[in-house]
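Chain lettering (A, B, C, D, E, F, G and H) follows the sequence in which the chains are written, and residue indices restart at 1 in each chain.
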């Protein structure tokens, strides 16, 4: 699937407040010279923009960063066949709401959930998927 | 507030396995002679069908019944201006995953969450919204 | 469904310390030119005042804001036929006590629970119920 | 306060389904020859009946048994100066909703919460309060 | 049992760090002119001192304040026939460890658990038990 | 400390209902030819018997098995200098109450907590402590 | 990385009791004609066998299925550069122990956690990673 | 097993950030003149170093300090026959992730889990195991 030269990661934050975690992911990707793109698109507030972005995207892996009712990675996974990695953010309840919203997906639409606020591990998982480690 | 003749409720289940809870809601609506429609549409598996259904619907209130990463009511609420009621279903974790997935919505896209497996209360809340009690 | 001129929201806080969340709701209602009234009435400390207030109120929607054993929205819902929206406040246990106290109502007396500390979404839900969005 | 001969316990269940736990309490009270009375009154469905019952009651201690959003003991405690014991019932969430609804009362309106489904301990606590052990 | 003049409350903290919550209780008791005594005795570190204190005490009600594995109220309740009120303190896990350690007592040895860090309600419950309100 | 010939384990259950888990521990100890003794003594109902048993015991390791407000291992640990292993039993709340009651001991009085209902691991830990594996 | 013909999945269960969930994954892989291998290797009981298996494996993706202290996917991820998918199994605590043991990995060693008992989604995620959907 | 003069404790932290808790343990060991050694070795990042360290170690007791997916004590316990004490660290989720990762070990590989962040109790438990108290 992924050629070392073409592997590309699309990072989507649900909110501007998730920026710091996105930057943790970006740093890891840059260290490994992986192409990436960062967007802020809310699954709930911008569903149409999200759909269009996914449809046009040539990313090989998606990283979705979101807190609370974190529907973002699931919404992406239901519109692409690429692997989708979810990073639950601690906004309330120590992040448990985001963990469960991401992880407990119905069969057929998987989200690869990593640890709470752990943007780095989302990037490291993307690297493994792209064969870049 | 609402006219007795025009109030209509759209009940959407995320999965066929939520049928029993939908029927609890239906019984309450029928007792109060409220028009309703019941559908099974998964937010994750049938996102396009869901969007089309919402776009064409003339419902005054939506009731969304879902378990696990229960994105259904939020997905509806982001595509309509009508009130959306969410019923979290206990599939795993005593239903806590569905509760948090529904309730912790971002500002601007509210979901009116009722108790776990409590289809009746979704209907009773719809009746109050429609002014039918 | 609801007439633009008559829709009115009654906001009741269980404690003066919930003021900030009430103001979040107020700002949203004001932006949409909805009539509202704000009170501090504890369901536990002022049960008689609460009953009288509800009996005399001409509100179309109630918003109840409370923490801990958050009985306020349920107490209102058992004394009116209007829709009651509950906002759980994080005082202890990340607000989980208030969430469960509000959401798990017995059948027949529903509370429309929104996210923890999310006064804005209570107002946005009221707007949808009043047909003001 | 309580004379050995006059000590009386009022047991109130929120729902007929709490009967078994009420009977556990009754058995302990009968073994210790304590006068008691058992009622089914929902705080949410029968608020007026509850108020009247409390107003007329000559009980020295109240035992309130309830599940879910267990507002019953708090509603009693806000209308009497007698000690109120709460027994949280496991209906959903292993009874954690009822525990928190009962225990986390605002200052001034205490509920003496005992263990989940533990009607016996409610009775044993009543006996201690009445000086009957 | 308790005469209005003789009602006496023994407040026992598991640790010096619980002092602030004990003072909340003390203030309420002083306002109502109730005799009290305050001690710091750990159930785990000073079991013998605790037993001797309970044996010699003429208190009508015990208030036990403790965090973590809060065995203190249960240890008191197993050595006296007087009512024992437990105040769970938030040291770790938002106080949930102390709540469960206090509340889930075996049948026969009840602890009247009040809210997390809520020393005031322990005192108000003691006042009700002593018939001082 | 422990000689291969003299290592002895005292197993104490808080309730007869913990017997099955005690037998799991016993089987492991018998397979490794370790001397043991099994008792049912409740920390809350039989505090004096418990103290006397501990005082007279020549056990090198204690295994305490208990559910709910599982004070047993802590009560033992506060009366002996020997290592005390706690096995939390699932009676309510999936055993989380017993886990926290055992594990969150104050500094100076440690309990070695093993997994929920895992009597085998209590025995295996005892074997390691006694140098018998 | 993955050619449609060479993509291979190694499924490792921590215990024979996880077999049913492994079979759910297997069925999905077979439907998509993906090569796979199924093993039962406990991270805790067979650490040496696990290391050797990983070292010799030519799998492109690992699926690790485990309950309780579910160290298996993390142990694999620390010994390979391939993506590792974890399926938490509900043995105790509704599977929350396994969820947290898998998901909360330190930075650098990611595990792609899917839903509780959801072997199918582990397979569907593997298919996405292998580009087979 | 352990002679009063030769008892030795190996303290292993999963991360440099656990240093403070390790020092709490060290202070207790020094007060009791117990020989000890402190290392920082991550089970996930340095599995080979960990194995070699355990293989060469002459420690009588291991103390493993770790947060998040706290696999460290289990990894040690699966490679030594000595008793292993685990100290769960609060990094996320109030430390509940580390508690469950440590405590819920499979039968045969026990970890003696002490309280969250409680390095002192790990040392006190080691002292009891070594017969040094």
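The criterion applied here is as follows: contacts are C-beta pairs under 8 Å (C-beta built on N, C-alpha and C of every residue); 3 or more make two chains touch, one makes a residue touch a chain.
Please read these numbers as outputs of a predicted model, since none were measured by experiment.
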item: Chains touching both chain E and chain G; value: F, H
item: Reference interface B-D: repeating pair among D-E, E-H or G-H with over half of contacts shared; value: E-H
item: Rounded Å distance between chain A and chain E, as computed from the means of their C-alpha atoms; value: 50
item: Averaged-CA centre spacing for the pair chain B and chain A, given as whole angstrom; value: 28
item: For chain C paired with chain E, centre-to-centre distance based on mean C-alpha positions, whole Å; value: 35
item: CA centroid of chain B to CA centroid of chain C, Å; value: 20
item: Shared interface positions of chain B, touching two or more other chains; value: 68-69, 92-94, 96, 103-105, 108-109, 111, 115-116
item: Touching chain combinations (by label order); value: A-B, A-C, A-G, A-H, B-C, B-D, B-G, C-D, C-E, D-E, D-F, E-F, E-H, F-G, F-H, G-H
item: Residue numbers on chain G that touch chain F, as the complex places them; value: 68-69, 92-94
item: Contacting residues of chain A [partner chain B, same complex]; value: 14-15, 42-45, 47, 68-69, 71, 74-75, 77-79, 92-93, 96-97, 100-106, 108-109, 111
item: Of chain E, residues touching chain D in the complex; value: 1-2, 4, 81-85, 99, 103-105, 107-116, 118, 120-122, 124-125, 128-131, 133
item: Sites on chain D touched by chain F in the complex; value: 90, 94-96, 115-117
